[in-house]
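All chains are identified by letter, namely A, B and C, in their written order; residue positions are counted from 1 within each chain.
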């Protein structure tokens, strides 16, 4: 579903990603771990077609990047720590706008379905500006799954959420994953992702330094993570 | 650090010679103009500096387009070099134009199409430098800079045309008739020779400065690279 | 892979058409503005203030009005316009919405034209309010069909370049101050020809004297819409 070969990303003279290899099979839920500044967000932005790779080969959802970016975008759902929503539109209007941008025709049924899934049906007529951070984040997930994407990318989705909102988010994430979608999620919060993901990759100094499935952790995630950073 | 290439050293020396030659021709070879006397002598360098400004403007626009197509940062260095040179030489042209205008038309400034366009172009360049200053990422800086030089490269000639159009429909605001305002006076052959020599001399100076500035830009890039290597 | 879930064709869902995306972007701007009225009220109040200040700054004596009016109007539009352009792009940047737009499977130029269309609408609304107010305050008839045409052409040129430059300006460190500095030197042809053409209509000059300015405005509009169409993805992409 995602295939990355020897990915290099430079910002001017600074090299952020240095020949990164990465592969995700359909239905996997990969947690991408790593210290701040390791290049997690940069990597995710490249996968999301928001940033161009300097060198390397990428295929997402079966299409090469950046040459067929539009095809990839149609099959991709992205959630960042920014909600990407308009404060002066209602929840429903925000979703309707994005439905139009994704070329979904009569989207009313789909809209109702998505609002139900993220638990915002009751507040669909309210302005997003009045929403709490947690509600905005839930709507952001609604926005990202609207067009039924095959691949979902989450960039630190838990940032700035309180405990309750985090639990709600986890519930939605599990639901999303249960539908057979491929998920890549960055995080620096190990405890959060431990029960969510099916695979754990560590990104450090611009490359993936370790990768293990849930069974291959050999003890707990923290030890695995420390080992990956040290080695 | 690579030493300065031999050809560049040669070109630098050549510019100095040409500049001295141009000065000598202006003061020793070209005859004194009957009406304006010595003030007219500024004309040779005024035209030549405006010419260099023009060259820089064209080189910057071309480099900008090449950057947008190729995405090679070397074109960004060329573009910035050309803009800086053009900025300085148009400023010299404007100031020398004013010095020329004061005794001949009794005013420091006329809203002549060329003079006004040059002034607007200076503002475009200042905006360009401010734009660059506000961006950290070198690639984005190069892209935005190139887009802005492209927009400026198209709008400034249109500005010139529109000011021309304005003046043909409206009579000149300052008392002098427009033919004289174009700097019209009878040129003796010796004056013409001097003017062309000055144009050639300043073209060589332009090439030298552009090369030097590009070299400086590349050296600055190397310094940044070394700094990064140390910090890692 | 996509084929086992979505049927045999590689693009089972057609990408949103260009015009649909353009109108979707413009629609969401207008819908949001209809609700908050932040941008329009700021532009309008500012425009009225500028006109008022002009009254004190230059004596708008009745004898001078026909010659000064076009200049006052266009300076007012240009100043109020930067306010609107800045705000319209800041909205996209604040909650990361620009990324949201860029993630949609549409041509980036559609985003440009959508933003341009909503900015143009805001501009025209301000102009529609300013014109009668000015007429009333200074007892000048401004309802000349030709003048309205000039205002439309001039506004298109202004917004065509302004939308492109505003989307660059918001991505810089100095975003609050940069837009007018970038914009004004490159829209001199628009302002000059719009002022001349407006003045021509207000003074009832023969059409031969106005036409060159109209042609210039139209040419500027076409050129810069084309340039913006070609370079917009360079401005928003990383």
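In this section, contacts are C-beta pairs under 8 Å (C-beta built on N, C-alpha and C of every residue); 3 or more make two chains touch, one makes a residue touch a chain.
Because the structure is a prediction, the values reported are computed rather than measured.
In terms of Cα centroid distance from the overall Cα mean, chain C ranks first. Chain centres here are C-alpha means, and the one lying farthest from subunit A is B. With centres defined as mean CA coordinates, subunit B is found 50 Å away from subunit A.
For the pair subunit A and subunit C, the distance between mean C-alpha positions equals 36 Å. Subunit B and subunit C have centres, each the mean of its CA atoms, that are 32 Å apart. Across the assembly, subunit C contributes 238 as residues in contact with two or more other chains. Residues of subunit B in contact with two or more other chains: 139. Looking at subunit A, no residue sits in touch with two or more other chains. Those residues of subunit A that touch subunit C in the complex are listed here as 1, 26, 45, 48-52, 61-62, 70-71, 73-76, 78, 80, 82-89, 93, 97-98, 100-104, 127, 143, 147, 150. Partner subunit C is touched in their complex by these residues of subunit B: 68, 120-121, 123-124, 126-127, 130-131, 133-136, 139-140, 143-144, 146-148, 150-152, 154-156, 158-159, 161-163, 165-166, 169. Residue ranges of subunit C in contact with subunit B, taken from their complex: 161, 164-165, 168-169, 171-175, 178, 181-182, 184-189, 192-193, 196, 209, 212-213, 216, 219-220, 223-224, 227, 231, 234-235, 238. Those residues of subunit C that touch subunit A in the complex are listed here as 1-3, 5-6, 10-11, 13-17, 20-21, 24-25, 27-28, 31-33, 35-36, 38, 91, 94-97, 99-107, 237-238. Remark: subunit A residues 11-14 touch subunit B in the complex.
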